[in-house]
Each structure stands twice: as C-alpha cells, then as structure tokens.
Amino acid sequence: MKRETLDVKRDNARSVCVAILLLVAVVCLLGRPALAQSQHGNQTKKTLSPPQDVRAFDTPSDGGGSVTVIWAPAAYDSAATKYQILLSEGLTTDSATMKVVAEFPANQHYVRESKWPWWTRPARGDQHQFTLRNGRGATLTNGTVYSIAVAAVLTDDRGISQPLLVTPQPNWVNWNQINNLVLALLFGGIVFYAISRARTREIFLRRIPGLDAVDEAIGRATELGKPILYLTGAHDMSDPSTIAAAVILGRVAKRTAAYETQLLVPHRDPMTMAVCQEITKQAYLEAGKPDLYKDDSNFFITSDQFSYTAAVDGIMLRKKPAANFFMGAYFAEALLLTETGASTGAIQIAGTDSDHQLPFFVTTCDYTLIGEELYAASAYLSREPVQVGTLLGQDIGKGLILCILAAGTVLAMLGVLLDAQWPQLFLDVFKDVK
Amino acid sequence: MTFAERMLKIDRRLIFLVIGLCTLLPLLYPVGLPIKISPEVRGVYDYMESLPEGSVFLLSLDFDPASKPELHPQSLSLLRHAFRKNLRVVAMTLWVSGTGMADQVVTQVAREMGKENGKDYVFLGWSPGGTAVIMNMGQDLYGAFPVDYSGKPTKGLPVLQGVTNLRDVNYAISLGAGNPGVEAWYVFGKDKYKFELGGGCTGVMAPGLYPLLRSGQINGLIGGLRGAAEYETLIGQKGKAIAGMDAQSSTHLAIIVLVILCNLFYFSVRRQVKHQGHSGL
Amino acid sequence: MIFLRRQVPLLITLVTGLVFAVQYYVPHPASEQMLTSVTKWLQIIGGFALVLGVSSLFHVHAMKIRRKEVGWGYSFVLYVSMLGTIAVGLWSNGKEAIDGAMTSFGWIYNFMMVPLQGTMFAILAFFIASAAYRSFRARSREATVLLIAAIIVMMGRVPLGEYLIPLSGDLSQWILNVLNASVRRAILIGVSLGTVALSIKIIFGMERSYLGGGKE
C-alpha cells in the first residue's frame, strides 16, 4: 500500500516535471517569434560581441559621396557570420533607427583586397573595410552628417558597434594616383634631358625603310607625272596620331612642292582639313614655291567611314596616284583603301598606331610604320635636335619600362613563393590606381 | 609564262567569285555545325545571368548600317537576354548614322518580349560629342540626354528611377564598330565611373580588344558573327548569326585553300628560278 | 599678326595643356564639371567646323562641274543627292519613323544608306581573300610562322575548322589570348610613350608645325 502510495507520488512528481518541461518548451516556442521580432527592430540579445576598433571617415582621394568604415577582424569571422553596415542621416545613438545598407559574409572585405596603395592605405591589410558610395542602396550627400555603425550577425545573435559620425566630402587631390604623376614627371624630365643632349651631340637613328621610301615615292610620282595621295586617318586633331600624320604631311608637302608634284589630301574631319591647309601652305612657302600651292589640295569628303572610303577609292581608280600615304588612325576601311591602291600599282606607305589594322597594312602596303614609328617619322624626316631628342627620350623610357617589367615579375613571383608582403611596396609604385 | 606564274597573277575577280559562292551556297543549303562557346562570350552571358531583376543594363549600339551583319545579331541576342531577365534596359548610340537602326532593333525586341517603353526600357537616341557624351553621362545622365529618342523627358521615367549617372549602371555593353566604341567606353566610362563593362565588336576588331579582356578592363567580349552565334546558342534562340556560321566556315576554308595554293605556286616558281639560276651557271 | 597666329595659340595650348594634365589628378566635382564644359565647347566648335567642310565640298565639286572635268556628272549627282536628303530630312523632322510609320527620310535611310553601307563593308571579305592570296607567302621564316598562325586562327574561329581539327579552337584561343595580346601590349606601350612625348612637345611649344609649318 505504502509502496503503492509511494509509486503514485512518484508518478505524480514525474507528471509535474513533464508538465513543467512542457510549459518551458511552450513558453520557449511562443517566445521565439517575439525574439525574432525584436531582432528585426535591431534589439537582438547581444551575445555576439560587436565589431571592435570601428573607424569611419570620408573616403579619401575621391569626388565625394562616399564614406569608408574600418574595423578589426574578429574570432567569429567566417562565411556563416555576416557583417551589416547601418546608416542613418544625422546624429543617432539608437541603432534601431538605422537602416541596413549593406550585408556581406564576415570573411570578406579586407583592406588588403582594396585598391589602395601602401601610401594611402588607412589601416593594416588584415582589417575589415567597406566603402559605401552614393547611389546603390544609400544616398550620401556631400557635407551632410551621417551616423554609421557595423553589426555582426550570426543566426539570431547580433552585435552592433556604437554609431559614429561621418561626413562625405569631395577631395582636391587623388593621392592614389600620385605615383602616376611622379612617373609622368620623370618621363617628361627624361624627354627634356634627351632633347638637351641631342642639341649638343649627334644621335644615331636607325633606318626606317618606310621613311627612306618617301623620297622614292615622290620621285616616282614626278617621273610619271601622277599625283600623290595623302590620308590623315579617321580621327580628328585631338588624337596624337592625326597630329603626327599632319606633321609628316608638312615634310611630304615640302618635297612635293620642290618636285612640283600634285598633292591630294582628302579629309574626314573639317578641323583637320583646316589645319592641314595651313601646314601645306607653309610647306610650299618654305620650299620657295608659294605660287604652286592650291587650297583645293586639301579637301573635305565626308565624316562617314564608308562613304569616305568609296570616294577615296574612286579617286584612286580615276586619278591613279603614283604614291599613296596612309598615316594616322584607321578602322575597317584600311584594307578597302590599301587593296584598291595596290590594284592601281601605286607605291603605298602606311603609318598607324591602330594596331588592329596593322596586319592589313603590312599585307597590302610596300612599307608600314608600326605604332610608335609614326611618331618617330617626324624626327627621321627633319633630323631636328628637338625631334631626335624626343626619340632618345622615348627609348630611355622604354628601357625603364622593360627593367620595371622584369623586376616586377621577379618580385611578384617572390611574393607568392615566400608569401611575403614586402614586394608589394615596389609593385604598388607602378600600379594604376584610380 | 608557266602555269604557276599564271596562277600567281590570277584575275582577282575569280577569287571574288569563289568567295561569293562560298558565302551564298551555305546560306541556301545550311548544314548547322555545332558551335563551341568561348570563355569571352561566356563572360558576358554569365554576368548578365548574375544580375538581379530590375538591374540597370546599358546597351550602347555604337555602329552604323555597315556593320549590321555582325553587330545586329549581337544586339538582338543581348536585348532578348536582358528583357528575359527583366533588367531595366537603357539603350543608346554614339554613332549618328546608326540611330535609326538602333531604334528599330530595340523597339522590335521590346515588342516581341512584351516590354513597355519608358517603364521597362528606354532608347535615348544619339547625342553629339562622341566620347564627350560618355563623360557627360558620367556626370549627369539627364544633362547628356534631357529627352529620349521619342522626345519624352528622361527625368521621371520609371525605367530610370534611381539612376542619376553612369555610376548607377549595373552593367554596360558597348557594341562597337570603331571609334567611339568599346575602348572609349572603358577609357572615358568604366575607368572613371566604375561600372562593369562588356564589349561586342566586329570580327576584324576582336583581336585588338583582347588586351582589354586579359587585363579585366572588360569582363567579356562578343567578337563578330561567331560571337553572336555563340550568344544565340547560350540563350537558346537561333538567329541570323547561327545561320551565317556555315557561310563563314566555308569562306574561311576557301581562304585557307587559296593561301595554300598560292604558296604551292610560289614555291614552284621559286624552284624554277633557282633551277634556271643553277643551269645558267 | 604673327602674335595672333603663333604666340596666342601656343599660350592657349600651354595653359590648357597643363590645366587638363592636372585635372586628371583632381577628383573634385568642380574639376569634372570643368572637363564637361570644355568638352561641350569642343562639340560646339566642331559643329561650326562642319560648315568649313561642307563649303569645301561644295567648292571642289562646283569647280569640277564648271570646268567640266572628267567625271563631273558624279559631282552633279552629289549635289542632287545631298540637297535632296537635306530637304527630305527637314520635311520628316529628322525622324525615320513617326508612330511606327516610316517617313520618306526613313525610306532613304533603310533602303539606300543601309544597303549601300552594308555593301561597302561586305567588300571587305572579298578584299581579304584577294590580299591573302597575293601577299600571304612563306617568303621567310617569320612569314611562315605568320602563315601557320593565321591558318590555325582561321580554322579555330569557325565551327567547321573546329570540327575538322578539334584542337584548333583551343590553339587559336591561346594564340589570341597570349601571343597576340602580349605583342599588342608591347606595341601599345611604344605608342603610348610616343603619344606622351608628342603631347609634352606640343604643350611646351617644341612641336609647332601643326600650327602651319616650320619655324618663324
């Protein structure tokens, strides 16, 4: 009986325990949505420590409308954990009122992944960084104060840093590109040095067969009593290749004036035509034949690519020039022009920096000035110290680039093999950072 | 004159005839060989696929009617893909002579996909200045194009909601036949205003753009008719590019045969000259 | 006169050249705004320059017609088609289509300009073939390498080539991506240095022949 009573009591106690457990479970289950709701309102229970050493500042060296946040890596950094960037306009102390403007896995967005070179890098490479820009999900106006915070999120846990004040501002200098400026100044200095050297010493110029053939082509045209056709390319005067073509035209025109050969220069750009008219006039004046100069030798056809090509092909077939010069920039019309010229039996000399058209020029022209040879042509034809010196400067620049390429390759490989960061000190100097 | 010498100086109109036939016959009797997808075309496709719905996709149709056979199929495929992904399409051109054609292609695909002008897409038309237009758009899109091609003010168009300049563009593709084209969009656009850029170009220009591709300056390249055919294969919509691939195959093969033949004749003539030289001695 | 023709343009070149070289390093919106304004000026000046071009075109062809030079009839066709297109363009308000209906300007665009331009571009294929036949000869070791590479790339870029020689696709990809891209980069480096050197010379007035010939 007693035993029975004890059993009954034990059963009752067990029932009470089960009931309590069930009650706790029900309360827990009922409580879950409430917790989830509070997390939604940025008031999660804070078991996850908030990101440490958070710094926020205006993104340096930019045109404004952007802020950067930096914070220390944490033990919980993994793909499962997420970082959120919270933002609100004005002064805020309550993170609940802040809007999530970015979210990403916690093992991403390190300073080392950013494009900052070492001289503008605001923190060590292992620190986290996020640059928030105006436009995508957030509006950042220059001069307006914003509160920004970083939150770490792992399932239900959320740790939020103290909001910091930050004001986006436009900057006057892009310090990231200072290496570019230094290199440009260095190259400028080299060119000036080379010019001064060329003024005092004789400098060797290697033969460029295409330019040696200029005289031959003009001479042949004179013998045959046929004109010379000179094209300045598809671009306008803002393109250095067109300027180079115009400069070479001056030298060619001087010789055609001396040989009293007819010169035809059809143009695609009216401004280039006006400039080339002046150049040709001056060349005839310098050759002592101003009376032979005709304004009509430079004429405009059309700026449309294939209409121009058809017109020039027509000139080639009707007038059968003895020599065709193709200088400057060209596109798909290159082969249509040169192949027609070849069919008329003219000597053809091309010079272009349009590398994509080089195969066509090389195949169909007698001589081709490849890339920078177009720029060297002026020096070669005039032999003026300024022009020759510039060539020397270019060669020194090219030598420097070759050395940097070799050293950079070796250092980059060492960096990978030794897992070292120091080669980056050198590599960053030659990196194009925007 | 020997046979080889005569063949080396063959009338070029005969070569034109061979090429003409090699183009025409496969178009009349297509074979339909399988097309392998290159990584550069897949680069464009994959990025388009990764864009979420409502992303801003800018398509600059920088070509004129001359390049229509190669670039028109590219634009059709890209627009079909963009509309299928429900992207917000902003189309334009930097080539005045291509404006009418660009308008036609955008309107045609939008109608086909049931898209509404101003809401799902906009054709901005052409604005003078070439590369300067890109810079102006980088500063203020509405300043560069105050009205669209149909004359409607661009400000307030639902398709341009949240877009103020090129920085707000998620992906831009320039289908370029020259200058301004892909390179200009990189130098004056992506480089300054930081948006992802892809390219499409004529077959002649494609090798020249590989350095941009290799250095990541563009994330993909659709080169010529072949590129267009690959893109048509990727989106599963056969078009003129796939149809033209047989013609391109046979033309390439004809040129290879011609080159081999000309070299055989050339060596034959050279051997004869050498032989005559020796016997002369 | 020399002052206006030489010194002033050189001064403008020096000042604007230096200002816009510095502008590249200034990210401030004011600097961007300045660049935008100047590009707009360029567009306006470019528009006026078109007058120069058109007047030159009219003049050259008027002379041909007046002198009854060989092919003067083509000059007449040019006059008629140019003035006709301008008139039709103005009549159609510069639009190719209004509410889906093709205008007369649209007709000229679709049925004259598009096929004519397409034809010009299509000629390229024929010219490539004839140029290849005439010039692509293994005259030297370098030319032979070029020839082999060209054949591989031509095979690898079309389905038939890949079908006949399956390796040609990957090989042509490698040639384009590695050999071609690196050589083009080398050319680009040379071109860029040449461009920078020429720009320096122009900015500092050492190269002035583009203003109209040699020295004063």
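Think of it as A, B and C in the order they're written, each chain with its own count starting at 1.
Convention: a residue touches a chain if its C-beta (ideal position, glycine included) is under 8 Å from a C-beta of that chain, and two chains touch if they have at least 3 such contacts.
The structure displayed is predicted, hence computed values, not measured ones.
Chain centres here are means of the Cα atoms, and by that rule the chain farthest away from chain C is A.
Of all chain pairs, the one joined by the greatest number of contacting C-beta pairs is A-C. Averaging C-alpha coordinates per chain places the centre of chain A 22 Å away from that of chain B. A straight line joining the Cα centres of chain B and chain C is 17 Å long.
For chain A, the set of residues touching two or more other chains reads 306, 332, 355. Contact of a single residue of chain C with at least two other chains is seen at positions 32, 42, 46, 117, 120-121, 124, 128, 130, 132, 134, 136, 184, 188. Within chain B, contacts with two or more other chains are made by residues 12, 64, 66-67, 97, 204, 207-208. On chain A, the positions that touch chain C within their shared complex are 61-64, 170-174, 177-178, 180-181, 184, 187-188, 191, 195, 236-238, 240-241, 243-244, 246-247, 250, 267, 269-271, 273-275, 278-279, 281-283, 285-286, 296, 298-303, 306-307, 309-310, 314, 318, 332, 335-336, 339, 342, 353, 355, 358, 360, 363-364, 370-372, 374-376, 378, 386-387, 390, 393-394, 397-398, 401. Partner chain C is touched in their complex by these residues of chain B: 10, 12, 15-16, 18-20, 23, 33-36, 38-39, 64-69, 97, 99-101, 103-104, 128-129, 132, 135-136, 138-139, 203-204, 206-208, 210-211, 213-214, 226, 245-246, 248-256, 258-259, 261-263, 266-267. Across the interface of their complex, chain B is touched by residues 32-33, 35-36, 39-40, 42-43, 46-47, 96-97, 106, 109-110, 113-115, 117-118, 120-122, 124-126, 128-130, 132-134, 136-138, 147, 150-151, 154-155, 157-163, 169, 173, 176-177, 180-181, 184-185, 188 of chain C.
Those residues of chain B lying in contact with chain A across their complex are 12, 64, 66-67, 97, 162, 164-165, 167-168, 177-179, 191-192, 194, 202, 204-205, 207-209.
Listing the residues of chain A that touch chain B in their complex gives 133-136, 234-235, 304-306, 329, 331-332, 343, 354-356, 434.
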